[in-house]
């Protein structure tokens, strides 16, 4: 049993990413959507923490949201996979439950 | 010239209190309203930081919001003054401008 | 697989309704079923037929209504949330003695039980909010 | 002193509209003037006459309307925000070919210039939001 | 006598509460969902973590801001057979709160137990 | 020719932008306010701090989510005589951004200068 955890806010604005990472289980996945996608681009103050999170679970970022914010051209943090909405749907189907950290 | 800075969210949820405190001027005031009032009660992880902020500027908390959340009975962080809505109005009139950190 | 979706925010202010719509269409295109979209909190405001967004912008309500018409997706607005926010259909107009309605085609107003039922019957429930 | 107030969120979902109302009444009771309350973003939803909150709860729209009637406070809804969110008066109904209105008494729809003007003419502008 | 819905399917529902009450309506509307949901005879748990622990604070008096005092309704949950209320110790500590500050009986769990609890669910609802 | 409003009163207006664009509408509606406000011939400054710096990021392509690309409008600000755009260096650095990532010419200022800028204003607008 594993969870698809979704975070939608920038961790510079809200603490939901920190709070999610503190309760993520081994083998869970993390998907960044909407404003949270900005930290999937490498080089922010969150890069190290996310790289380390990638060692115990899969990391995904929603490409259309990343592109909307102008980060299609930037390298992603190590371990991140970009998915489109169909990829998002496939993840929701693959994992046992979806937990949105609002 | 001095500013009345208003923060309305818990710093455990949003970073607006941290971001406000990083740009507050000597002689400015800080007023906590709505969900932010919870950290005016002493004993949280924010008590030290707020005590230190109180050394360069005045600290206020909106009493009706504090009461609504069940903290009328708890001691306030050193330096905090409780005000009602009329006190809030008086502060807005006293300071040169009001800056809501939303 | 059968998906149910929960939308907690209104149109345009937050991306929640957009993300939910994109997810729903991608799920349908992937051959899945979207059994119900439940609109709660400010989410009920997605169901107003009175919006007139700028012509060069997306029309959020019409997009949802088209999904109901074309793909048979059940769009449910929470009745308690509707009453607090002024979303009205014929029944609510009569019951609460209002002088107008504003609900759009394809949406219906019902109780929170529809959310729980969706959670029970769908394989996955996905929440979009602020 | 002359206060102007900006409200960025709708009723019930966030405390912003409540805080703004309490501030406005306290300012008036303290002998100050409240020249205008400008409702922007989801804030325009405060002006719907179609809400039916629970009987034991506050009636946010009626409270604002009473402030306009009793204290002559100018309540302005941003027209662009209204169009995106479905707030309609007679003029907007005709202009955008809608079949209903939902604006409450005491509110009027106008442009963003009214916000800037309030900022210029008032001694203080206070913002309430999320 | 409980109503039996949807052909006897029983799922594990977890309501995750993470917000301060009153500043937003989510706490109230989450509770309303739980109360309505009780009729469906599912396996319901409520989890209070992060700022959600403030929802259970004693002595709330929202009369001061003209709001309804819905905190009392947490006491009614038992009558609806919603008995599994979990509060995370780490969230309490960070906020200077203890179990004695809370208005209902809850099970205080560790962060590790929080993780295990989430991992057991069929449906996670978070507003 | 600029329209002269309210008897020649000129106030210092500061628009403070602190949010990522697109996830919420605030960035767009803040910009609309500035454009409308330009007709009032006031002394206008725009400040981008915290996540607000993302509003000026080059290469935004919100077509991908079916949103309008309003970032282009920042380039039009000059024509409206809105020329004072300030971006805080500390906010850029924390996000791994530099001035060359931004789509318009701005003045990059330090946090200390941010504090001084706020202290000079008559009206601070923040959404």
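Labels for the chains are A, B, C, D, E and F, by order of writing; each one numbers its residues from 1.
The definition used in the following text is that contacts are C-beta pairs under 8 Å (C-beta built on N, C-alpha and C of every residue); 3 or more make two chains touch, one makes a residue touch a chain.
On a predicted model such as this, the values are computed, not experimentally measured, just so you know.
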**Asked** What's the overlap between the neighbours of chain C and those of chain D?
**Response** E, F
**Asked** Chains shared as neighbours by chain B and chain E?
**Response** A, D
**Fill in**
Per contact tally, chains sharing the most pairs are C-D
**Distance-maximising chain from chain D - centres being C-alpha averages** = A
**Asked** Among the chains, which one keeps its Cα centre farthest from the Cα centre of chain F?
**Response** E
**Item:** Rounded Å distance between chain B and chain C, as computed from the means of their C-alpha atoms
**Value:** 38
**Asked** If you average the Cα atoms of chain C and of chain F to get two centres, how far apart are those centres in Å?
**Response** 34
**Asked** So, what's the distance in Å between the C-alpha centres of chain F and chain D?
**Response** 25
**Prompt:** Of all residues in chain E, which are in touch with two or more distinct other chains?
**Reply:** 18, 22-25, 50, 65, 67, 123, 126-127
**Request:** Among the residues of chain C, pick out those that touch two or more other chains and give their numbers.
**Result:** 8, 12-13, 15, 22, 41, 54, 80, 84, 125, 127, 129-130
**Complete:** So chain B residues touching two or more other chains come to 8, 12-13, 15, 34-35, 64, 97-98, 100, 102
**Request:** Could you please write down every pair of chains that are in touch?
**Result:** A-B, A-C, A-E, A-F, B-D, B-E, B-F, C-D, C-E, C-F, D-E, D-F
**Message:** Can you tell me which positions in chain D touch chain B when the two form their complex?
**Reply:** 1, 3, 8, 15-16, 19, 22-23, 25-27, 29-30, 32, 123-130
**Prompt:** Which residues, counting only chain A, touch chain E once they are in their complex?
**Reply:** 1-3, 15, 19, 22-25, 96-102
**Complex contact set, residues of chain E against chain D** = 22-25, 65-68
**Fill in**
Within the complex, chain F is touched by chain A residues 8-10, 12-13, 34-35, 38, 41-45, 47, 63-65, 67-73
**Request:** Please name which positions on chain F make contact with chain B in the complex.
**Result:** 16, 18, 49-50, 111, 114-115, 118-124, 126-127
